[in-house]
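Next come the structures, one after another.
Consider the two complexes below, in which chain A is the common component and chain B and chain C are the respective partners.
What follows is the complex of A and B.
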């Protein structure tokens, strides 16, 4: 059978085109000399230069990064605790309810989460005078609320698939529960915690909806800024910014892939060596 | 409590005492009023099928489960309310449960981490344990870098490092292949002898229990059916359950007709002729009993032999296992009997003692017949 599966290749080509043609055209137009985003006026790096002199964009990017780092870290701590509770404490009162509450934000429309957070902040400001104004703090809290759900789910899945007797063994060998957590449980679920943190970071970095509801004057995150700029028409500097983000993401993904492939190869080699030694 | 300790120290009996211990999970009675006493330095096996309660009992000794009722004493100390990390007990888990992120050395030394001892002592102990299980060259490896048999030895060394009063082993040989099992079995016994630690082994494998342990408790549905040495359990089962569970056995419904000169004569419809058995206390004429004979106690011959019980039969089927052969034979009454023959002679397929459909004589001694109350 040497007939090429023409149909499948066509579908594949269309699929890839669907994903990447918009991105490619955006990257190409980021080098456009023309001020009009959709008219080609020759090659230029001007927009990249202007980008680095645009305080507004740089401030927004820094704010987004700051919110992402803080909220991802706190969400990871809270989410890990919730994940461990869900995976390890089999019987406690209201377990099903707790588990439902943890996963509900995953399926809740963002608009609803955004509105309810906004309502909460307004009511709290009225009753206890905090938060005085909405901004960094309120956006961060909102981000923690929904991203810890993802962390909890990842950690729970990882723990459920690991052998509980490893933790029992540590306890059997004289470790008190908190020592078991520190010495055994946390090291075992470290990869899950790491990927949970990365996911929380990503979710926070590109969130528009919830951030728009919970932010206030003077605290504009990068996605909100891009969104508001685009409303006035796509400009080449936004194309340049987006291209830079894509570059960073691509480099990060490739680096992660290479590191993981190396670790896999090393593990494989170790196993081979162990088998040989034994034989 | 001091007097109690002094009393036990005399002979080491009752080093571990389990008194009327029960445990239920929901409506399922996992362990039902079990009482056991294990001496110091014993290699004791809890044997039974899955769901018989042996693992639950083990986990109660380790402190992972709390008994609903009853008490457990280890070296005279009541274990009620004592957490797993405070018990003088260590466990070797069925899955070994090694810490994947620690080296072999780190695994073995983990139990000493929270012990009050100097770093030098700790190092010495780890070295000693590595030597005991012959893993010194692999001290720096991670668990995924060593073989299954080596992992088993790491788990053993880790559990022994704290010098527990009691070592619990959950299916210690279950994950090993057949060749490695035999070797490891003797290694375990050797290590138990060297360290003098009391071992309690949980297993579903009767061969494992018989070769490892000096005493076995056969469990079924949360109850201990019989406790005894491997020989007692095998040659003198006290119930049909134990007789069936350990090895294979031929059973016949029978009734005792009379007892004379130490021989009980039984009426047995399934055999179509009377059966002779060695008389035992508690078995009186008129009683309905089950008579049982192990396959290897029955001999097969072409000529009619002189023996207490001789039956004629036809070979229905035979299986060749190398060192022995198992015959399925049919009596004139239609009853099937199993007999195993050790292949003491080198013989080709056509030189067997009997072939399919051959008429043969079966013989067994009255002393080989086990009498079980119905």
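What follows is the complex of A and C.
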């Protein structure tokens, strides 16, 4: 049997070209000396140099990073709680509604999430005088709300796939409940918490629709700034900024992939060794 | 919905009697009630009110029942809204179909490699998904412009095969519906490939071999064995593309044609430019009504997949 028909390989090759040609073209043009973004005028690193002197871009990047770090951390705490609640507590009042709250934001069209939060913030400002102005605080709240559901889903999946008899065993051996939580449950879900935090960080850094609804004057995140610049057309400084972001993300994703692959191999080797020792 | 029959747990019981259980449930519950459920109820309520010059710009009717469905009537009677709906559904449907056409063979091809090669290829599929959504759109804007090497190359190719009378100086790609679908397929393709791959990877290759041994031709094996078994993957991938695509705001705003507004744009414009909150809310609720079927299908599918892992293999 032909395991790799020519047709499948052709589509795969075209698919990867489709994924990467636009990105590679953009990276190449970021080294373009010409001010015209589409005409090649020789190699240059000027646009990268100018990037680090552009106050507007640096401020927006710092604001985005701040929002991402705060929202990812709080979303991880709340999301982990929600994941534990769904995976370990079978009965509590409003459980069905709660699990609906966890799934719905994941698949809600962003424009609806954004507009409903903006309406809430405006009405709250009218009724109770808070939030006084929209910006860091309101965007962070919005980001926590949608990213905590991602964390909850990841933590819940991890807990559901592990037998809670491990926790039972620890209790039988005399561990106090908080010791079980600290020494058994949390280490089990630690990888899920870690990847949840990373995902929350990425989503927050990438979000443009919900941020642009919930922010206010003077608080421009990097994606909002890029969006408004891109509306005006292709410019070499955005090419440089984009290439830089893609470089950072690529290095991070490959590093994470290598670390995880190594951990997988180590675990398999450990299992093999354990089997051999016992046999 | 997600209830599962677990044996009683002493660990769980300890949480019941200590205050921890209450805190662990209440903190995320209250947060989502305040910042997800309450905003949703507000949108629902405002969609039943009238536009007004007050601040905030809406007013409920003065007498019982205080609400009316005028905004929803306008959704059907006003051409703008109706056309935006149809255009958005067609757009999302076309995007989903194209993602499936490209993504299915790609996912199937991925399963035909050894584990180590497969992991590298899979990483190459996921990598564009981690890089910024906005920058992926931006990359295509660079390619589609009239003066780009890509457009020039396509134009030369086009002029080569068509009579001189129809020769073009460039191919108009930017600000067209074609551009919207192209970029949406580009951005959403990983959402189709990943669930399809997860499904196809679990299929038992011995079934294919058995069918071959019994004399089936490769295409017959695909049609009668692989395709029926991959329906769960097709549905999951299709919904993951269709649902966000139907409300997409950024892609049409950057590469689309402003004379055919899509529903995401209509919601945002009604709110920001027309300052008609009730109408924006009504359009949003109507979009949700349209999506509630696909959304419930997706959650149903997800919870079933979680409950019986490997059942579809």
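We adopt the following convention: the second predicted complex is superposed on the first by the 266 of 279 C-alpha atoms of A that agree within 3 Å, B and C clash if a C-alpha of one lies under 4 Å from a C-alpha of the other, contacts with A are read in each partner's own complex, and residues count from 1 in each chain.
Convention: a contact is a pair of C-beta atoms (placed from the backbone, for glycine too) under 8 Å apart; a residue touches a chain by one contact, two chains touch by 3 or more.
Treat the numbers as computed from the prediction; the structure is a model and nothing was measured.
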**OP:** Quick one: classify A:17 as touching chain B (first), chain C (second), both or neither.
**Re:** neither
Subject >> First (chain B), second (chain C), both or neither touched by A:261 >> reply: second
Original post:
Given the touch rule stated above, what does A:171 touch, chain B (first), chain C (second), both, or neither?
Top reply: both
Original post:
Counting only touches as set out at the top, which of chain B and chain C does A:112 meet: first, second, both, neither?
Top reply: second
**OP:** Could you look at A:104 and tell me whether it touches chain B, chain C, both or neither (first, second, both, neither)?
**Re:** second
Original post:
A:271 contacts which: chain B (first), chain C (second), both, neither?
Top reply: first
Original post:
In this superposed model, does chain C or chain B come into contact with more residues of chain A?
Top reply: C
Original post:
Between chain B (first) and chain C (second), which does A:187 come into contact with in this model arrangement: first, second, both, or neither?
Top reply: first
Subject >> chain B and chain C footprints on chain A, overlapping residues >> reply: 168, 171
**OP:** Under the touch definition given earlier, write down the residues of chain A that touch chain B in their complex.
**Re:** 163, 165-166, 168-176, 179, 183-184, 187-188, 267, 270-271, 273-275, 277-278
Original post:
What residues of chain B sit close enough to touch chain A in their complex?
Top reply: 62, 64, 83-85, 89-91, 93-95, 97-101, 110-111, 113-115, 141-142, 144-147, 149-150, 158-159, 162
**OP:** Give every residue of chain A touching chain C within the complex, in rising order.
**Re:** 1-5, 7-9, 11-12, 15-16, 18-23, 25-26, 29, 36-39, 78-79, 81-82, 84-86, 88-90, 92, 94-96, 98-105, 107-113, 115-120, 122-123, 126, 141-142, 144-145, 148-149, 152, 157, 160, 164, 167-168, 171, 177, 180, 202, 205-206, 208-209, 223, 226-227, 230-231, 233-234, 238-239, 242, 245-246, 249-250, 253-254, 257, 261
Original post:
If you look only at chain C, which of its residues touch chain A in the complex?
Top reply: 1-4, 6, 9-12, 14-15, 18, 21, 23-25, 27-29, 31-33, 35-40, 42-43, 46, 55-56, 102-103, 105-106, 108-110, 112-113, 119, 121, 123-128, 130-143, 145, 147-150, 186, 189, 208-209, 212, 218, 239, 243-244, 246-250, 253-254, 264, 267-268, 271, 277, 280-281, 284, 287-288, 291, 295, 298-299, 302, 306
